[in-house]
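Note that subunit A is present in both complexes that follow, paired respectively with subunit B and with subunit C.
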Partner chain A sequence: MTISLFIEQIINGLIIGSMYALVGSGIALIYGTMRVLNLAHGEFYMLGGYLVFLLVVTCGVPAYLAIPIALLAAFLLGALIQRITIHYLLQREGWAFSTIAVTLGLSIFLQNSALLLFGENVQSVPYYVTGIVEFAGIRIPMQRLLILGVAILTIAVMTYVLKATRLGWAIRATSQDRDAAAVVGIPASRIYLITFGIAAALGAIAAAMMAPIYAITPWSGLPILFKGFVVVILGGLGSFPGAIVGGLLLGVVEAVGVQLTSTEWRDVIAFALMIAVIWVRPWGLFGSKS
Partner chain B sequence: MAEAPMLQVENLNVLYGDFQILWDVSMTVGAKEVVAVLGPNGSGKSTVLKAIMGLTPVRSGKIIFEGEDLTKVPTHEMVARGISMVLERRRLFGAMTVRENILLGAYHRSVNKDIASRLEWVESLFPILAERRDQIAGRMSGGEQQMVAIARSLMSRPRLLLMDEPYLGLAPKIVSQIAGIIQRINQEGISVVFNEQNVHLSFGVSHRGYLLESGRMMLTGTGEEMIHSDVIRRVYLGV
Partner chain C sequence: MFQPLRPWQWLLVAITLAALAVLPLLSSNSYVLHVLILSMIFGIFASAWNLVTGFAGLKTFGHHAFFGIGAYSSALVALHSGLSPWLTIWIAALIATVAGLFIGLPILRIRSMPHVAIVTLGFAEIVRITISNLQSITRGELGLWGIPPFESFTLPVLGEMKFSPADKAGYYYLILVLLVFSTGLITLLMRSKSGLALVAMRDAEDAAESLGVNLTRHKLLVFGVSAFLVGLAGAFFGHYIGILTPSAAVGPDLMILVIAMALVGGLGTLSGPLAGALVLTCVVELLRDLNDLRLLIYGAIIVIVVMFLPKGLATLGPIVRRRFTYLRAPTTSPAKHL
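And then the complex of A and B:
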């Protein structure tokens, strides 16, 4: 493998990894704030793909408008789904564990709803941008650079929101201690609702950016859900920065690993990496021991 | 006619599942008063405070604060009513800094103003917290954490402060420091209700006390009256 090909693979890995990071950070936010393992998270990604497909291909909306609309729709959908399902379980003492069954049920429901609405045909969206950037023998398509740019922007916005806004403080406080947050005046159930919406929107952004490259099907959420779980386990359950680093790491290791072996080894590499990390640090890269 | 007390708890009944924790508990707290809730382990002291704050559902009874019934008010609206709480074992936002923890005490919209003067007041009570502002709260000692927890609860400038086991797990030297802080808070015109197992420790700072046993109010009075009461002796010593 030449040096330039190697660098190209690392860049490709970062690009795919940034998408893993967006999906994983949604799972981490939900787990971090409400201690719910969202098994339906892949379906937010899948729905994000169909939303963009509907807007861009069916309605002819330009991509720069379609993506924000899809994002907002995913936020509202996520918040609505949380309000009519998980909300009631979290209100009751001792029912939190049932969210596993509910999110699994939601996943099946959403997959089959998509199958009913859109059929089993594979859909895709045309490239948002065309052309290839060439630099010192490294060739990267513009579409992929756009993905990386959007991911960096999204992560920067999310980091700012969590660090420096009233909402971000409320999310972090609620995730650390729900009762203490309530005592200072933070309504946990509203924070849960908003967090769920944000997480769904993060999945939808990833889907919107990947739609031109990867096919949209009713089942396209499942593989990305598994990757998202690997990411949060790598990064430490519930840690937002952990999910970002975990996502990028997974992307790069996969890309380089696939280059050294072959494509069939992709998932083997992903899970081997996960097992290796939790062997050394069972609480993940950014998680805490307790 | 005497003015109605600031806080009136009337015939409070609280159950966890089928298990009754509090049986017809009644108590009052006056303005600028320090009240201790006493009783052995498991007598329901913490539950009284949690019920007032809305952290635990109330089966029946009334909690009237400044004329308003609080039993249907959610916990996150209490600071707007003028009530704040220091939870048992501090319960800080451990991954956040001291300053962030304290600022969160003024999160609610009704108190989210004049932050600079609130901060100045709180830091005048706890000068050490101004020095430690950028330290991660979870890495401080127990006594320092208790100060952060109290500072956070004061940021909303409450008229009533509930303190759940403020002395729990602290070294004797720190305990007397916290006791001094409770008196200082009271001098600022804030009513304080705290609970504690140790009778002698409690009456150092409180004006009055209530004694709980197995979820029932057994006795009330001033420190002097209660320390010499036979009921206290029976509850604590079993004689």
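And then the complex of A and C:
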């Protein structure tokens, strides 16, 4: 294998990894603020993909309009799901397990609703941009560069929101200490609702960008959920920056691993990496022990 | 941890067992037997999952790995070594135990529930993908077929025990014995000192440790026993069904089914998972025509049970009774019943 091909694979790994990072950061946000492990997160990705498909292919809406609409819809869906299930469970005893169980049930329910609504056919969306960029023998399709650009933009916006807006302060305050935040007038329930919506929208962005490359099926959420879990374990569960770095790292490790073995073993590599990290550093590669 | 059974409860257990034992003599309908055999396989699976999750409080989501390991080990050993399935199911259960201890080790160090859930899920995915990729050994999704059935033998009173698709009575009695064995083992374990330690570990890990409960030993013990029983159920399943595919024997659907059973029956109770397994297996059979809706309904059942019946169907009884007594005698204080 030539060096340029190898570099090409690494760059592809980074690009796919940036999408893992978006999905993982949604899981991390939800866990970070309300200590809920969302097993239905992959379904936000899957439904996001279908929303974009319906808007772009079925209704003929241009992609630059369709994607924001899909994001908004995903936000509302996420918030709705939080309000009718997690919201009530958090007020009860044993919520740590009951929220995991309920999101598992939701995941199966949404997956099979999608199967009923859209059928089991594999769907895809045409490329948003065409063309190939060539530099020093390395060839990268424009579509993939667009993915990377959108990921960087999304992460920048999210970082700004979390660090420099009142909403972001409220989210971070609630995640640090719910009761103390409530004392200064931050309504935890509303913050939870918004966080869930944002996390769902992050999943939908990833889905919208991946739709032209990866097929959309009712089952496309599950593998990406597992990837998201690996990402948050690598980065430390509940850490937003950790999830970003974890996602990029996973993308590169997978790209190199697939070069060394074959595509069928891609997921085994990811999970083995995760179990190894849990064994050595249960608090994540970048988190602190406390 | 359980109260000793009262006489009427002993009677109930005896009647249930007697009814299950004479059933094949009354009805030779192989479809009824098939549904009951599946219920009992899942009953063992759900009870063993409940042992780890409901009693010991280690919330794992990867027990289907042990089912698949049990099923494939027993089938492959029987196919290649020519050993009798009567022997290989125990070998397979031991292999599953080793796998359980192996995955138990990283879990020991983690106290956070989400981490445990993710690690066990990931482990099961590794097992599933590995089985499906090793096509030269397992034939992958094409299916491993030609798994030898159990050998027939003759019993003094009951006559010949046959193990064939047409005559399921042999399978029925064997799985009934395995179910009694597994329920007995779980009951003995939970009634021992270790059982108390497990429940203490679930309810207050730090407090249990400070009182001298060896967390490492108990977590490994419970994981080993549970993996053993699930592996045994898986091994039986392989020889009973006769064909194994990774999606049927190690698929996440299997775990979802078992979680739904334990939740519906009531987590952390002895009879709950057994009742849940029977109810949901029958529901699946009734919904056979609505195959597309099957998993949709499961998802909905899990959500509804978690939201409205957090302790499973067992709590439905008291709720109904309370309503009822309330209407009849509003002055009755609930404290009287405690």
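One rule holds in what follows: the second predicted complex is superposed on the first by the 286 of 290 C-alpha atoms of A that agree within 3 Å, B and C clash if a C-alpha of one lies under 4 Å from a C-alpha of the other, contacts with A are read in each partner's own complex, and residues count from 1 in each chain.
The definition used in the following text is that a contact is a pair of C-beta atoms (placed from the backbone, for glycine too) under 8 Å apart; a residue touches a chain by one contact, two chains touch by 3 or more.
Just so it is clear, the structure is predicted and the values come from calculations on it, not from any experiment.
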item	value
Side-by-side fit of subunit B and subunit C on subunit A, or clash	fit
Touching partner for A:W219 - first (subunit B), second (subunit C), both, neither	neither
From subunit A, separation angle of subunit B and subunit C (C-alpha centres, steps of 10 degrees)	90
Subunit B versus subunit C, judged by how many residues of subunit A each one touches	C
Which of subunit B and subunit C A:Y160 touches, first, second, both or neither	neither
First, second, both or neither for A:I233, with subunit B first and subunit C second	second
First (subunit B), second (subunit C), both or neither touched by A:W95	neither
Which superposed partner A:D177 touches (first subunit B, second subunit C, both, neither)	first
Minimum C-alpha spacing, chains overlaid - subunit B and subunit C, in Å	11
Common ground on subunit A, meaning residues reached by subunit C in one complex and by subunit B in the other	none
Residue numbers on subunit A that touch subunit C, as the complex places them	31, 37, 85, 88-89, 92, 94, 96-98, 100-102, 104-113, 115-116, 222, 226, 229-230, 232-233, 237, 264-265, 267-268, 271-272, 274-275, 278-279, 282
Interfacial residue positions of subunit A with respect to subunit B in the complex	166, 169-170, 172-173, 176-177, 179-188
Residues of subunit C defined as touching subunit A within the complex	59, 61, 106, 109-110, 112-115, 117-119, 121-123, 125-126, 129-130, 133, 252, 256, 259-260, 263, 292-293, 295-296, 298-303, 306-307, 310
Residue ranges of subunit B in contact with subunit A within the complex	53, 55, 74-80, 84-85, 87, 91-96, 100, 103-111, 152-153, 156
